[in-house]
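Listed below are the structures to be examined.
Both complexes below contain subunit A, partnered by subunit B and then by subunit C.
For the complex of A and B:
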């Protein structure tokens, strides 16, 4: 695959970026996420999570299922602060 | 893994890694660091990682001064080829009463007494609003500000120490959990991991935050530390609109913008939190953080929140760290930083290495010893949240 392929769209990370951090010895998706921000953008890894896991799995000689998955964090979708505030008002009513 | 070492460090947060580096730099050849998860996966990585001179006790002012200085040159000192993402544009502390502003004045005087070059200044509300465009002035009495303060990436700072320590010969193992600290008579003799592996060592250093309490119990020490959950919300990345870190002790809130563009919005609920090891996010927090931070900064209403996380403070009765030797020979502690530990790791790591090497530390931290709680010699830090 072309190394310039974008893996994480939100954080602008290419396959080359991911391979570079793997080459440094990082084979835990959580660590890679924290050091590169892969999956920390507005889409919360909905595209890149699987791509990252696949790349790490092949480097580690493991199956994707054997890897530690990165944490899924709430809220599920981006939500405006003022929408949350409106929820606070409704709660109090 | 080795079965013998000169010293075993429990905990791969920023303090554990800084101790490892400083020991190795002093020439210790056989140091092992054990981390049950990944480096910085606990309190370190979950902190908002502010860095400041603005403290209210002499010991913290001294530790902070040295630590900030090191953070400024950390990439060079540790030969780290990524960035620690240090943003050093200042740290603003909002005062919502005259008493609070008086406290900030007192703290500034203390800081100036210790360091004539300290840049902390007291600002009028309007001057604070110049730094945070659109800041709500309602109820604001003034602020304390130091433009040499800032924030960094806790992951990169920890990794930088870990990489440097590894190059100097420290064995760092992640995914290895310590089950027990071994003791014979009055001294420690090593550790046993959860998988039954033993490392014999005359020195064991507890740097595992609130988790260190159980190791204390195993060697007969009562370490008065409890975990307390604090949470952070992250916004979508925005253009740089906030160069500084902002904190309000009255509301328990703090926020900053990372170099990458996301705003991090934090708030704790010390009264409401059950003191356990729950590190999960809560939906109630989202209400709380949005209400409080949009009060300070109404423009935030229009911003998207994209994720949230939670982490644990390691709280002590006086909100101060526990540092140095203990009544059990060979057992040393570096924990209990109560929410302001990340930034002090550079100086504390060196202090710990000096104490463990039997030297007089370059900053006297004897007031932070474990025995202070028994003696009733608490050193409450007024400037923390």
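For the complex of A and C:
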């Protein structure tokens, strides 16, 4: 497949970018995420996570289920600072 | 902090059924949904449903939420609290969830929680897949059937599963030309009844075909498709150029399990169920005893089985709080219903996936 294919739209990462980091020896999706920001944009990986996992799996000769999954942290999607400020009074106790 | 007995995340078919089942037991339910109205993906399902009579077969999807909501308002008077425009964004170690309701954050600590967050559409990697005009098929269905917006004039549909077939037909009903439906596999994945309807409407279905690239300057102007051999490799010289302004991806759904990961529920990767799915027992309870699941987040299936799973999850979320009237009798009825829905050849993949999932509990 054409290596200019976009894998992570939010962070503008191509297949070539992912393959390059794999070539350096990184075969852990969580490490690749931290190094490239793949999956750390506004959609929080909902578009690219599976594509990344499949690419790593095929390079590592493993199935997707055998890879270490990336970490999921709140919030699952972008939230405005205003929301948090407005919510302060609601959440005492 | 709000402290409902049961919080349900997601007001689609599974979440609504879970809510109704729990209020019928006598529990107090808070139902959170990010959208301005309840119903989840049912709000755009203008076609009639198959499946079980009890789960609204032969009724249009769009007509189901209203029935469930009026039952909830009636039977759950004072105990049913829907929170709309409310996105749940986090699950913390102490069982507190973070929600954002119209730009006001709130923390909620329910005694039991049912996660019914549904699924997201899968993406396909190909050059040009980031061009405007490349959509998920579900997104196109929302644009057309909820907002009345025509997505374009000529569509290439990628994927001949039920979603690809149904959305193609609905595009046609909306006056949009569907150039072709292409499918990588050598056979159509969706029900024959949908496929024949699409074929009768003059839309070609090309099996063993895939998309090679989308092209266009500012937006999609066309796509190159090609033939695949039995090993899913492109056959040289088989390229065809399709002039289309919309490319719809109907290449499968994946469970939206973010909250389950945050909660630390154990999961297993089973492609036949859509990807990572939570381990759960027959009560639809996850490895975390206060967290239940129902619907597509638990396994990609249909609205009918999502509703029955919702009934089971809601029943036990309530029963585990002490609202256990007739729980065994009701559980038996719901599990039989689920078994019937999964019987037959179309349920084989689900049955095998669930057996593998349970083998790992």
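Miscellaneous remarks
Everything that follows uses one rule, which is that the second predicted complex is superposed on the first by the 91 of 93 C-alpha atoms of A that agree within 3 Å, B and C clash if a C-alpha of one lies under 4 Å from a C-alpha of the other, contacts with A are read in each partner's own complex, and residues count from 1 in each chain.
Keep this in mind: a contact is a pair of C-beta atoms (placed from the backbone, for glycine too) under 8 Å apart; a residue touches a chain by one contact, two chains touch by 3 or more.
Every value quoted in this text rests on a predicted model; they were computed, and no experiment measured them.
Superimposing the complexes on subunit A yields a three-chain arrangement in which subunit B and subunit C fit side by side. When both complexes are overlaid on chain A, the residue A:74 reaches subunit B and subunit C alike. With both complexes placed on chain A, subunit A has more residues touched by C than by the other of subunit B and subunit C. Looking at the shared chain after the overlay, A:48 reaches subunit C, while subunit B stays out of its contact range. Legend: residue contacts after superposition of the two complexes on their common chain; A:64 is shown touching subunit C, with no touch to subunit B. In the superposed model, the vertex angle subunit B-subunit A-subunit C (Cα centres) comes to 140 degrees (nearest 10).
By the document's definition of touching, of the two partners only subunit B reaches A:28; subunit C does not. Of the two partner chains, subunit C is the only one touched by A:86; subunit B is not.
Of all Cα pairs spanning subunit B and subunit C in the superposition, the closest are 5 Å apart.
Residue overlap on subunit A between its contacts with subunit B in one complex and with subunit C in the other: 44, 71, 73-75, 79-80, 82, 84, 87, 91.
Put simply, subunit C touches subunit A in their complex at residues 1, 87-92, 98, 100, 103-107, 120, 122-123, 125-127, 129-130, 213, 254, 256, 258-259, 261-262, 268-271, 275-276. On the subunit A side of its complex with subunit B, the touching residues are 11, 28, 30-31, 34-35, 37, 40-42, 44, 71, 73-75, 78-82, 84-85, 87-88, 91.
Remark: subunit B residues 38-41, 45, 82, 155-156, 159, 174, 234-237, 260, 281, 283, 286-287, 290-291, 293-294, 300-309 touch subunit A in the complex. Contacts from subunit A toward subunit C in the complex involve residues 1-2, 4-7, 9, 15, 44, 46-48, 50-51, 63-65, 69, 71-77, 79-80, 82-84, 86-87, 90-93.
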